[in-house]
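Given below, in the form of structure tokens, are the structures.
Each of the next two complexes has chain A plus one more chain, namely chain B in the first and chain C in the second.
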Partner chain A sequence: MATQHSRAAARLMISPAVLLLLAWMIVPLAMTLYFSTLRYNLLMPGANPFVGWENYHYFLTDPAFTTALVNTLLLVGGVLVITVVGGILLGLLLDQPFWGQGIVRILVIAPFFVMPTVSALVWKNMFMNPVNGLFAYLFKAVGLQPFDFLAQAPLASIILIVSWQWLPFATLILLTALQSLDSEQLEAAEMDGAGFFSKFFFIMLPHLARAITVVILIQTIFLLSIFAEILVTTNGGPGLASTNLTYLVYAQSLLQFDVGLGSAGGIVAVILANIVAIFLMRMIGKNLDA
Partner chain B sequence: MARAVSTQRKALVTVVAWVIGIVIFFPILWTILTSFKTEAEAIASPPSFLFFDWTTENYGEVQARSDYFRHFWNSVIISVGSTVLGLIIAVPAAWAMAFVPGKRTKDVLMWMLSTKMLPPVGVLIPIYLLFRDTGLLDTRIGLVGVLTLINLPIIVWMLYTYFKEIPGEILEACRMDGAMLKEEILYILTPMAVPGIASTLLLNVILAWNEAFWTLNLTAAKAAPLTAFIASYSSPEGLFYAKLSAASTMAIAPILILGWFSQKQLVRGLTFGAVK
Partner chain C sequence: MGNITLSKVTKSFGDVQVIPPLDLDIREGEFVVFVGPSGCGKSTLLRLIAGLEDVTSGEIRIDDRNATELPPAKRGLAMVFQSYALYPHMSVRKNIAFPLRMAGLDKAEQDRKVEAAAKVLNLTDYLDRRPGQLSGGQRQRVAIGRAIVREPAAFLFDEPLSNLDAALRVGMRLEISELHERLKTTMIYVTHDQVEAMTMADKIVVLRAGNIEQVGSPLELYHKPRNLFVAGFIGSPKMNLISGAEAAKHDAKHIGIRPEHLKASKESGVWKGRVGVSEHLGSDTFIHVHDTGLAVGEEDMVTVRCDGEMDARHGDTIWLTPDMERLHRFDDKGLRIT
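Our next item is the complex of A and B:
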């Protein structure tokens, strides 16, 4: 039984972590909130007058915001669809008995450990480059014009790169979940004459629901703040074609030194992330208790 | 349990799985192969796959030109430093939450997870300005601090799920035997907790090693880890494929090897214990 004494000790042990995280959340966030109400540009020293909602008005009515918002949603959505569907299919495949399972697993997981700047640069130069890239060579080999991926379809190319990085994660988690499925249930279903599709939809998919929720939650956290891949491959361009919210705020604050506007953008990004987070926490809360 | 599987079917699955595995792994394989080519062979058309003159001169040149080892050392200090610091803060917290759960323990855990959802751009500007004004910009100590805070929720969660599995009865039994808190921690808990702490350490070193928002925005030259080292190859130099490949291979090799060892812990660590 926990005594009064151990309760107090426990509180003491938890408090450093809680206080640090609280400070990490509140202090910078409060500063961002404060900066967002000022006309504050690092290139123009002097007084930083209070301007109220001006930065927000400017940020939200700027067409760049709508573009970045749409790009963010496309990026997150696209990668989620590819990795979840791909992860289920790969999980089903790797769950079958075959020769060299361990080695194939290692091969499939590897991209997850590649740092974002490396995978972006390797894909950009060695695969997607329209002159020397391997894709250009393959296109020419079958008689097609080489395609300049990052100039013609920048967002789709980035979705491809990011999906390659996250597919291993989804596969690994869904495979682990599939392996915990009771095989007797499947055998019983087979005896009752269930085919592959009814087994998949009525037994496997419900069993995977929790793992899929977790994959979506965790990937969304990371995917909302994709940055390095865009910085290294396209710098958000051409134009704004591959600018997401994170990159837009970065460009406005650290490239154009507009602290006020960048801060307003940061706050907008926080609010949007919170909307997503509420949905996801509700989902995961439901699934985790079960 | 074991269901009869025909050899034909097994052979078919083997072929399909291997083909897919190699396709997924191919970009990494291609990078490693290219790093051993000369620049001319690296962009040769048609590309040569295995039959070229293997050379290791790219590795020497990358080290000479952009000082790989300094960046490597920065990466080691930043990732290991932030993980160890995070563990020092998180072990007591996770221990207390697992063994002396209060009414609000679950809420605290959920709240910690929610801090992870704060997008980094939301706090980029204040952190950048604070770092600039306190001279922390482009220092390893500054990055260690930021990455500790970023990964703290994951470290607490992971440790919590591991500690939760240590049966509470053991603790009660040794308390009955008159063990003091110090002895309880030293002789009972530590040996049982070490595997969990070790896998937490491993996974967080990997996450910190690959972190590429703060490391790119808060460093310039002195404290730049390997993520920034590679990003510096993004323009003109990026056209030297063999050298780019050598630099990339050196940047990912240590973590690739660590990662393969940690694949089992990876699942439970990254899913906050929800999938095991």
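Our next item is the complex of A and C:
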């Protein structure tokens, strides 16, 4: 692409979209930045004096912050591992020709269409409920004490629920990537004496690298802001066991009505998300060019 | 080593039999070309030999060992694919070393063999590049390198030159022929291009709809085509096939005469016609002659090869004289009359 002229024209033509996007982003960001420097609590109406870094100081020294940060990373990491590994395995399975392939593929995508609140409630009430849930029933059927998932392993349970929602997305992208693998390459590997595992690790997995990168990048963006699933299942509890940063910001600003502190938390979350993004780009972004 | 024997091999996909019972004997060191129009089953036949497809019935023997049920890797054959099938994320070195690595050779031995193969194929300077950074001809050589290092009993080529441009194709054709001279290994080569078949083969197998139409050396096929199909398929431009009254004069249902065995003249000859398109190649000129009244195929057209200097304009009258010695006669079943 092309002449100086066409490059200038291209810049001119994308500028309205870029400007709109910038305004859309910058106005809320600027307001949040502004609020984060005020003592602004809805329970104490009146003057909202400028307090500088005070809100940040409170947010960052709050013991809940470290817990929430660790929980956020565990949640993102756990879901990524489960969805990528599961997605590859499911993709391999669905890539095999079998009867009813079309219907099965549609069924596999289905969880992605269920909205997060609904799926979390279904998991909470129909599967994980220690009295009425399906899991409790199965435990009892083999004579075991039902396990109260959301009380005893809240974060793991939420990771499970979120993984269930995102597995279809990963499967779909990885399946299409697998289908785009040149079958002659696999045949060549077969002639070269590669068994199934060699073919998988030397041919398929490198071919999937780019798709895996895409899955990780897109999912990370969404997983950093998981909220609904926590709200309807554990409310961040017990204690802080399943509170992530998003939920902590919500708790600060809307449960304690402290807009200033919540805004400071929001800014911290934005910065952390950017750090994660930079790391991701550094680590795997190079897979995207070439 | 490198004897391959197929006996009564058949292949069906569902109800469709693509290869009817077929027998074929390939001797050690031969350069065998499978040639035929697209969809004639030549690639399928190659894949059956490679083991990438299972035979429906029959037996494949490689070096007097029953290989019918053996997996591809155990047959000791190496294949060069049409798309080259290089592993895009590996360097040339790793691509070539891949079969050795799978065979569990130690690193030093791998390196030695890769270097040797690279030297043979002029790839030494490219060993650390990725396939994506190479030209078509170089990729082709990497694919061949990957086959050579395995020291196979036979090489299988599946239309390896069809993705190259015309000039490169001629070059690679020579390189593969040279390679065969040097290695003396059995090679089986699939192509739809009869020029490749004629120039490279020791033995050509002409296939149509899974049937072997004729097996023979290039010149055998050229001089003594067994039937109408082979007569029309081998040779460029195609042989002129004539039927009807003119053929009956020679006690045959069909007669065939190659363009190069016709003599064109402006004054006199046996058959009279009108000049259509002339193709000037410099050394030769191919003239398409119409309205000969010979009922040639459907379009009533005879092709004749003449001297490059021949000056014939569209619409001119022209006389043709066949070389009677070189006339091919076929009976009503399309078989050659000797």
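Simple rule for what comes next: the second predicted complex is superposed on the first by the 268 of 290 C-alpha atoms of A that agree within 3 Å, B and C clash if a C-alpha of one lies under 4 Å from a C-alpha of the other, contacts with A are read in each partner's own complex, and residues count from 1 in each chain.
One rule holds in what follows: contacts are C-beta pairs under 8 Å (C-beta built on N, C-alpha and C of every residue); 3 or more make two chains touch, one makes a residue touch a chain.
Please read all numbers here as calculations on a predicted model, not as lab measurements.
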item	value
Simultaneous placement of chain C and chain B on chain A, clash or fit	fit
Partner chain in contact with A:60 - chain B first, chain C second, else both or neither	neither
Which superposed partner A:92 touches (first chain B, second chain C, both, neither)	neither
Touching partner for A:193 - first (chain B), second (chain C), both, neither	second
Which superposed partner A:69 touches (first chain B, second chain C, both, neither)	neither
First, second, both or neither for A:25, with chain B first and chain C second	first
Comparing the two partners chain B and chain C, which touches a greater set of residues in chain A	B
Touching partner for A:202 - first (chain B), second (chain C), both, neither	second
Partner chain in contact with A:246 - chain B first, chain C second, else both or neither	first
Which superposed partner A:156 touches (first chain B, second chain C, both, neither)	neither
Which of chain B and chain C A:182 touches, first, second, both or neither	second
Smallest separation of CA atoms, chain C relative to chain B, angstrom	5
Where chain A meets both chain C and chain B, residue numbers	187
Sites on chain C touched by chain A in the complex	50-52, 71-73, 77-79, 81-83, 85-90, 98-99, 102-103, 132, 146, 150
Chain A residues touching chain B - in the complex, by the definition given at the top	2, 6-7, 9-11, 13-14, 16-18, 20-21, 24-25, 27-29, 31-32, 35, 90, 93-94, 96-101, 103-119, 121-127, 132, 134, 137, 141, 164, 167-169, 172-173, 176-177, 180, 183, 187, 210-211, 214, 218, 221, 224-225, 227-228, 231-232, 245-246, 249-250, 253-254, 259, 262-263, 265-267, 269-270, 273-274, 276-277, 281, 284-285, 287-288
Complex interface listing, chain A residues touching chain C	182, 184-185, 187-194, 198, 202-203, 206-207, 209, 290
Complex contacts: residues of chain B adjacent to chain A	1, 3, 5, 10, 13-14, 16-18, 20-22, 24-25, 27-28, 30-31, 34, 43, 45-47, 89-90, 92-93, 95-97, 99-100, 102, 108, 110, 112-130, 149, 152-153, 156, 181, 206, 209-210, 212-213, 216-217, 226-228, 230-231, 233-234, 238-239, 241, 244-245, 248, 251-252, 255-256, 258-260, 263, 266-267, 270-272, 274-276
